[in-house]
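Chain lettering (A, B, C and D) follows the sequence in which the chains are written, and residue indices restart at 1 in each chain.
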Amino acid sequence: MHAADAFAKTRAEERAALVGYLPAGYPTLADSIKAVEIMIDHGADIIELGLPYSDPVMDGPAIQKAADQALAGGFRTRQVFEVTEAVAGRVPILVMTYWNLVERYGVERFARDFAAAGGAGLITPDLIPDEAGEWIAASDAHGLDRVFLVAPSSTEERIASTVAACRGFVYAQSVMGVTGARAATSAAAPLLVERTRKHTDLPIGVGLGVRSGDQAAEIGAYGDAVIVGSAIVNCYLESDDIPAGHQKLAELTADLAEGVRR
Amino acid sequence: GHWGEFGGRFVPEALIAALDELEAAHTAALADPAFTAELDKLGREYGNLPSPLYFAERLSEETGVEVWLKREDLNHTGAHKIRNVLGQALLTKRMGKTRIIAETGAGQHGVASATAAAYFGLECTVYMGEEDTRRQALNVARMRLLGAEVVPVTTGSRTLKDAMNEALREWVASVDHTHYLIGSVGGPAPFPQLVRDYCRGIGDEARAQFLERTGSLPDVVAACVGGGSNAMGIFTAFLDDADVKLYGFEAGGDGYDTGRHAATITAGQIGVLHGARTFVLQDEDGQTIESHSISAGLDYPGVGPEHAHLAATGRAAYEPVDDAEAMAALEKLARTEGIICAIESAHGLAGALRLAKGLKPGARVLVNLSGRGDKDMGNVVEYFGFANEKGA
Amino acid sequence: GHWGEFGGRFVPEALIAALDELEAAHTAALADPAFTAELDKLGREYGNLPSPLYFAERLSEETGVEVWLKREDLNHTGAHKIRNVLGQALLTKRMGKTRIIAETGAGQHGVASATAAAYFGLECTVYMGEEDTRRQALNVARMRLLGAEVVPVTTGSRTLKDAMNEALREWVASVDHTHYLIGSVGGPAPFPQLVRDYCRGIGDEARAQFLERTGSLPDVVAACVGGGSNAMGIFTAFLDDADVKLYGFEAGGDGYDTGRHAATITAGQIGVLHGARTFVLQDEDGQTIESHSISAGLDYPGVGPEHAHLAATGRAAYEPVDDAEAMAALEKLARTEGIICAIESAHGLAGALRLAKGLKPGARVLVNLSGRGDKDMGNVVEYFGFANEKGA
Amino acid sequence: MHAADAFAKTRAEERAALVGYLPAGYPTLADSIKAVEIMIDHGADIIELGLPYSDPVMDGPAIQKAADQALAGGFRTRQVFEVTEAVAGRVPILVMTYWNLVERYGVERFARDFAAAGGAGLITPDLIPDEAGEWIAASDAHGLDRVFLVAPSSTEERIASTVAACRGFVYAQSVMGVTGARAATSAAAPLLVERTRKHTDLPIGVGLGVRSGDQAAEIGAYGDAVIVGSAIVNCYLESDDIPAGHQKLAELTADLAEGVRR
């Protein structure tokens, strides 16, 4: 399954897709699988698995904490394939990862093993197409989606070249800042989506800061996908135990899924 | 932006425009005689440049080779770092930005950045691992005295690496009016070139001074390497002098064999850290490994990409120097020459003294004495047991 | 050996021969072009002299007068004191003596002496009040690292005054092979002249630099005064320039009115201390009174006899600057110019800033920035409350 | 009474004079008077009263300590006249003082008050004749002895000019160093006395380090006076109480007096 499969469905339903993010291995390896299933059960259209990394420069405190906890629990890169394999089939599974982990595993080898596990593609927050030659070749060879980011600061030229390198969808970083749930979404987001649309027919996902169905509805009005990360991680960070986190996650996902369907 | 396979820009797209702007501004600035003249004047009148080239007579007698020291410890704020911050701060003004941010480990680059910010009337925020703010409380005080805001970073290992992560995060959010004044020849392009360009005066001066004083070039140029700014600063002028051997000395920490060190080039693998492809101390999965060194300034698991390239091509050699060897060199320099250098610089000197044993008598060794040791006296007391009680 | 009624030699007869020898050797050395050339070379290549004259642009804008700083903080070891120790150590070698002793308060002169001793391969013993060895443990470590023996003095108030007593006692016992490398323009003749002669480069350089940069002489020359070496160092070149006003700023401590200060000229009476007739903080009976200042380097109940004479004749004016005013100036300089000066030097600057209010706009004030503030950061933290907790 | 009176007697007896030193006000003001009486009773020929000073650069630890204690006990310069007056008449009383105390009191005024109290003269360890113009005038005016020091390092010229300025006796500092009881007396002492004798007929006192009758006898063989200070102070420093100190002092003085009479 690829991102395109999910977007075909959501476009047919004339709504935005809901993309749920969770670091693989968080809160535990087994519970990260369980969490993904909960998200799918409650209406997530695409799953974005984070690959925990020691130096996550794009992430705010919530996701850093979750990643640290996964690593402290012994998470290894190869386990992302286990998680993928366990949940693949119902919705597209993408992995969001800092680039060093892929380089270290071997770009071609990573693409091969991830494709074999049923993965859809990669979102690469610190890899721009300019540096992505090896990844572009490998993703072509293994038929994987390639999601690069555009940002409010991107020039028209960079948006054009970035979307040209994308496959599956384009990730619009809606605020200049790290990941994290925010009270208000950015005014820059609609403008960025509008600018990006001029250069591509690919779906455009909007990330960073969404924590409620209302916000999801607001973003779903102009974006093709609403990406939620920190708010999901917070379900566990703010719960006394994992079952309570699962419960919160179910409620949050349902709220968000309702939001993208308004 | 690349040296062979090294360097590049492994950063969020959000920063690319700022990096492009910075690269263009830097290139234009270096081509603008008004800018270079102003920077030169600033260096002379404020930074106390050029730093002297010093022939260490007694040390030379003891070692049998000529030991020449480039005295960067005599610069304003006590290290080569003033060159970088003056250059970048002047560039910040030129770009019309009003604020700088910086990461710092032991606090030296933070103090230098705060100094430049005070001088130019820029706002300044320094990110520093919480652990480091405790260990280096006096440098925190220096920065605050200079008017900078110091933000203790409580994520990860709460040290330099995490401070750099935090600075990058903050930069994404404030890039329109803020310059990230990076402290070494690392990070995404154009930082490695830019920092090297502002530090290369070390080598340019030293090369001219050496020719004037001896009529020849040195046989060996040695420097310590953490991120590698002082080493690139002195190497650059000699890159085309094929007969001049270049040596970078990394922090061997408890000893290379113990695994507790910061010998990134010697022991690291190629990877991506803090925006550039370079050598990185990392585990099997690519997770960064914490480095260890008695020298806070060398205690970093990455290294500037140009060093990675010089190592890969063989133009420069990189070897580890452990804590004990560095501290012995620091003591030797103090006792023979009356110079207390930074523990960082002592690594370069120690490596040079080790090399000297294999050189022909009278060979000429140029060592970049990159900083003074005032900041390190706490460590020195701890290491040598020079507490008052001992002699009282 | 006398300036008016001040100066002289109030020491045991046992030292007179050594003082005569010293005076003769010093006079001969200054007349020997080989000696002066060697000292000059040493200053340039090792001491980083001449120090720059710096126009403090932002500070000038704020004050309405031109503030020029003689940057002695940029010298090797961080203060003007290197000039004195290099001169006296070279003279020690010339006299064929193999050992120096020195007194030190905060440790700066001790570190400078240990530095010169290491450089020249002389034995070195430093006397330091036990109280001070505790308060300035890092400077004790510096001296030991440089190879000097540090002797904690347990008599009297266990501070500088007592360290000086002890050095004088020790000198009597070892005078045949030992030079007493006194740290300021005090003590018995010829020390006040001798130290002044080795420090006067400050003013000689500054006068020439000032003329070159501005085409004129300064209206006011300001310096802090403890023992007074940095002040005599900068004043001497201007003594014959009748239009140049000379100001010495003494430590006002908790405030002149509190009686807890070190304002020797302002508040002291003429007396004899440590070998010379001068102003002394003393009680009705002539017992020395303990001085008080946030600046360890100014915390001394006597003053060089030539200053006493300049005060008595009116050629120079002396005023107290209290702790608070000095620390405010220190902070202002840090924030406007990116320079953290010694607390001693901040007294001179503070006095100059006070004077500036009464000067015509554009008047030119030359301040001797006699040392850097690294050594004082502990005090700064305590005074301003810049501890980490505050901002964390 | 002047020093000359004591030396007239000892020369007649063909022996050296014993000079006992104690800081006035130590161990207390009253006990310093008592101590002087003990010394006179047990054979001291001349008394040297120290004037306690905050910065005694010629003195070793014992005398420093005694002086500090006297000052801590509230000793004032003018009290030296009380002590002098109380003990004067039996033997010459000289005051040994650092110069600042006299300058501060007023040189002329000090000479006047001291002479009025029956004092014989001053020993001035940090005043050389070159700086002593005011004191020479005042001592002439009030008929006081003037004891300057010669040292092993003094040149022939300086010995000549120093002894020429002396009246009463000459103080030969027998070792290059501070006051303090020493196990062995200095080999430099006989040489210094011999050199000094070439320039003067004044008696020559030898100071520094004597602590026993044997040492006193040794020095008495070539010196005209044996000066004892630290050993006397130690009688009190090393005793549990003042009466015990007085007892020790009596014994020590008797031993020393016997020594100069061998």
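Everything below uses one rule, namely that a contact is a pair of C-beta atoms (placed from the backbone, for glycine too) under 8 Å apart; a residue touches a chain by one contact, two chains touch by 3 or more.
Listed by chain with UniProt protein names: A, D = Tryptophan synthase alpha chain.
Just so we're clear, the structure is a prediction, and the values are computed from it rather than from any experiment.
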Set of chains adjacent to chain B and to chain C: none
Euclidean distance of C-alpha centroids - chain B vs chain D, Å: 66
Computed distance of Cα centres, chain D from chain C, in Å: 37
Sequence positions of chain D contacting 2 or more other chains: none
Arrangement of touching chains [line / ring / star / complete / other]: line
Complex contact set, residues of chain B against chain A: 8-18, 20, 155-156, 161-162, 165, 168-169, 172-176, 269-275, 277, 280, 282, 284-288
Complex interface listing, chain D residues touching chain C: 53-61, 64, 68, 71, 76-77, 98-105, 125-128, 130-131, 148-155, 158, 162, 173, 175-178
Residues on chain B engaged by chain C in the complex (per definition of touch): 44-46, 48, 51-52, 54-55, 58, 71, 74-76, 78, 114-119, 121, 130, 133-134, 137-138, 140-142, 144-147, 149-152, 330-331, 334-340, 374-375, 377-378, 380-381, 384, 386-388, 391-392
